[in-house]
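Input: structures, listed below.
Next come two complexes built around chain A: one with chain B, the other with chain C.
Moving on, here comes the complex of A and B:
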């Protein structure tokens, strides 16, 4: 899966290259050739791995998506773009695409905003920093499959902790996981709970990297209120971190799978069907590997477009220190 | 359309030919099964007994898969790398995919004397469970049927008689409504309807309906009998106050004593008894069959399929299969699970299960239903499994929302026809 980390480190790497370049100019052709060979030799292992583990399989999936291959079948036929045409008229696919977009649309902004708030509170707090950091980070360190089972108990419509508490204050709790209008948002809530800790750690690292003298300078310039300091120093300085957090949260929530697989199986009636789960059902449960491959290609395209938009558009507005 | 062989592609991709089995004095057969939680001990016991009687065969187990679904996936994967086990246990509705992928060996050539075979307990109706379009590909190994679990304490509280539990839908639904009226936190009936269309097949079968015709060309579940089945689902919702729970929520409610009646597979009997413990008086009743003449119930459970095409191994594999599905194997299965016997001799001959049912009355319900055992229908073709999910998710509307059962069923049948015709 695309790892956005290189995109961030690419900036300093470019600068390093620019600085290193002039030193190579004066040396003779032989030395330059040797440098080039050394460069190629150094890049080969990474390139080979990328070809074998990322690009190769992606091409293979692209190839499969043009066939009618059934999982484990002994033969296949090329059917051109039929799989993609079928997708266009497939209500389950449409449903899972919309659901995924809604899920990302909820989880991404909420978990980024809440994580930033939590990070600011912990950073500015006087006591219990380690405790809160650990508490918020715990969901990240635990296995989601196991945690989903815990959520299942908590959200039980009749015996669950959540509805028991609601009953104490005289409210009738809903069926969190079987109400068609609600289930996707319940899953999004679990997604947010799972993501906040990770984003918070990234924000905390970003906050610590802001030099103290900037705040002093802002103070001198008349930014006395915390909100002023936040808007003039913290927020702009957190730009690169925020960009990274947004991209990685979007990609992570696009990949939502475990909670759906454990808690709802896409139900009731496809109300919580999401892309990855549909992909899995088609390929390995319905044994329609060709169609599953086509879904994978669409999924990859979405991730790619999403990442490109965010890098291109937001990158221009981000202030790198 | 031009078709290409995947074996060529697979050979290029995968460095095939894993460890060729060494020639040994004894024949080794490699066996794979799913659901170790249910079958682990059973499989070990059967293999040990078999090897005692057949010292020339060694049974080797591959690490089992968690579910039938995982098991089939794994066999299909292994078939691409040429490393399949010799025998696999699969869900009865997944024998079809192994036959369609040409992995399952037809078993007719091994049955030399059909009469003697029937004598050994492999009756026609039991053999039917392992057939795909009339060809024998598997032997039934464990059969579960839909049953009615009930909380006898709640039934008594609601004014019912736990010893004379309803045997028809009207009385069952009325009793469910009475239990539902006991309190806000008590639910009446839950009709298990998650994961597969098995319980839908049970509802259709109860009214004597069919899913498709013999030739598997015409969808039939939207005829008058199918409509009665769909109407039944709506009655659970409207009259008996069935809650919109998922499977585990319903299970937890039932075990906590807050759900009166739960219709589900007999396969969970042992686990249900463990989960309930002494909390209340758990009992099991037969699944109501409305049409006593043409009614049938889908049989869940596992079948044994032969994969190996090596003649020497096939001979040993066949001996093992007929042992595991034979009276001795079937008795081991029944004693250690909630499954019904899949061998007529095991059921009839008191030397195998004589005292078992007297001591375990909750197992009696599924045994009483053996006369109604029908196949676990799998839809044909590449879209067969997908269609099952479409049926599931569409009919859930009847249980959870105020969807009209007749309209929903008609629209569903049209969708299924279109899908199967593609």
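Moving on, here comes the complex of A and C:
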């Protein structure tokens, strides 16, 4: 079947290389050596860049996480796993980890479900497709820091548009950003607003890739009611897209930072403290780079786990091959 | 089972006229092939019969019911698609069972987990199970029931698609180019299987194809479509031997019929300076087109020849050979003759020979391509049909 989400395709790189390899290799040893050198020469720039920009820094962060280096300090001591031990007893870290998981737990399902609904409505709509597509995509195209400022005005308890509107219908709006119990969900709402457009575009692409004759077959087979069609064709055929959207949304919302930095600084108390913001504060506000590096490694581990789940567990169940 | 009647069916998309004036009667249990080049409207017509599209004008009856906007499932038709259109996430068993589940189970009974606790579920599931296994046995799919479509070969997918279509005992069985994704050898095998399934079930079948071999070998009658119009509906041998116009004559048969510019003078037919006396007079004089099937030609002395010229090519095909001849008259196209290889053993490319044909075997057309028949009313029926239908595998459609 057509794969609507090739970006995260589970085809192992090895397999791709095997297919791309030339069928009849030159027989002479010299020619083979030349081929090999050419291959190495072609692969070198990308490998060097990856080493310098991705793998090197990751290893450096891993190393730093085992030291007590302070940002800007001249010397550091090797302290083993002390940073990780401190993390285990650190209430701020625990708070920010739980908050991040709650945030992901709200944003991911809601924004995936809403994005799918919006994509289905736009796909099935007769007019205004381009308009709605653009409208929903705008938040993705805009700068979140600037948009967060706009949200700040809108959510102002006394002057904000949101509470003004609530007052019109006789409701007293809460303090969206300073209520301990509410602030995380307010941020999650902003997160949903921000991710729907992106997910919707992915779903629209997935919907377009579903072959039309499957719907015709469903029609002939008696699955002609919208729900039957959705369950028989659309939902299963969207499997790879949905998986991709879920994983990308989880990773994106795991990285929540801008809205927290602009709107709440992790407050009130630590009610909106999230992993990335804690990391930033430890490293660049308190200059505890070693501890910040340890937090980064934990963050990385979570992203890795999410990706592994996608590849190992679910991918096999949505590609039907 | 039911007859299908089409009366004056037309379909247009905005300004484009896809179908016009389609009249066709398919008898109960008959196997009719809709044959034509791509873009002739045959698939559109099939979709209208299926209910996947609605006609712009005209009447469609299946059995005694007049249909226009009824859904496919309300028409009790079944369809096999060119791409098979199997549900890739379902096993063969589930693919086969789906039409029955949709028809026999209520929406809430189809719900996963909950459905099995609804009243009557077990009995209906058992009935569906019986039908699925019966159909699988008929098509040799028993060992494949647990597989997903991606794990099947083309032929196996095709069988599943046929099974899924027939499992509901439809009134009408529609097939849209079902064999075009298979290679030539498997196509022959599936042709036989589909004919056998039709013989066993006796269900009215309409089969869309651009491949004249499929149409000629499988169908009781062939309806040849071109440019959204049915040109002729006839049994395979008749549509070959007695085409109503030059387009039909040119489409059916491979190599195609030789169409030579000629003149009619009473009972005398002249091609350039050569000529032949026709067995019966025709109601026309003047310019015409003389159609000669490749196998109707034979080698002749140059004074008895209808056309003469230089051999440009000899193709040996095993049981037969195709000889191409460039006529010595400037206006005539290359003429092709089909014959037994031994008949031309003594000839080589570059030789000059003459060809002729029995006058009874000539098919005459007026300059617009309409058939000119010999005046004796029974002439065409007296005309012996060719002993075999010579068709080559690479149909020109």
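One rule holds in what follows: the second predicted complex is superposed on the first by the 283 of 321 C-alpha atoms of A that agree within 3 Å, B and C clash if a C-alpha of one lies under 4 Å from a C-alpha of the other, contacts with A are read in each partner's own complex, and residues count from 1 in each chain.
Everything below uses one rule, namely that contacts are C-beta pairs under 8 Å (C-beta built on N, C-alpha and C of every residue); 3 or more make two chains touch, one makes a residue touch a chain.
Quick caveat: nothing in here was measured; it's all calculated off a predicted structure.
After alignment on the shared chain A, the placement of chain B and chain C results in a side-by-side fit free of clashes. Look at A:78: by the touch rule set out above, it reaches chain B but stays clear of chain C.
By the touch criterion stated above, A:35 is placed in contact with neither chain B nor chain C. When the shared chain is aligned, chain C comes close enough to touch A:236, but chain B does not.
By the document's definition of touching, of the two partners only chain C reaches A:213; chain B does not.
By the touch criterion defined above, A:164 lies against neither chain B nor chain C after alignment on the C-alpha atoms of chain A. By the touch criterion defined above, A:70 lies against chain B but remains apart from chain C after alignment on the C-alpha atoms of chain A. After overlaying the two complexes on the shared chain, residue contacts for A:287 are found with chain B alone; chain C is out of touch.
Working from the superposition on chain A, the chain A vertex angle toward chain B and chain C, CA centres, sits at 160° in steps of 10.
Applying the stated contact rule after C-alpha superposition, one finds that A:270 touches chain B and leaves chain C untouched. Distance between chain B and chain C in the overlay is 47 Å (nearest C-alpha pair, rounded to whole angstrom). Chain B makes touch with chain A in their complex at residues 1-7, 69, 73, 75-77, 79-80, 97, 101-103, 185, 187, 194-195, 243-246, 248-249, 252-253, 256, 258, 382-383, 385-386, 389-390, 392-394, 396-397, 400-401. On chain C, the positions that touch chain A within their shared complex are 50-52, 71-73, 77-79, 81-83, 85-90, 98-99, 102-103, 107, 148-151, 164-165. Across the interface of their complex, chain B is touched by residues 68-79, 92, 152-153, 156-159, 175, 177-180, 263-270, 281-282, 284-288 of chain A. Listed in rising order, the residues of chain A touching chain C in the complex are 1, 211, 213-214, 216-217, 219-225, 227-228, 232-233, 236-237, 239, 320-321.
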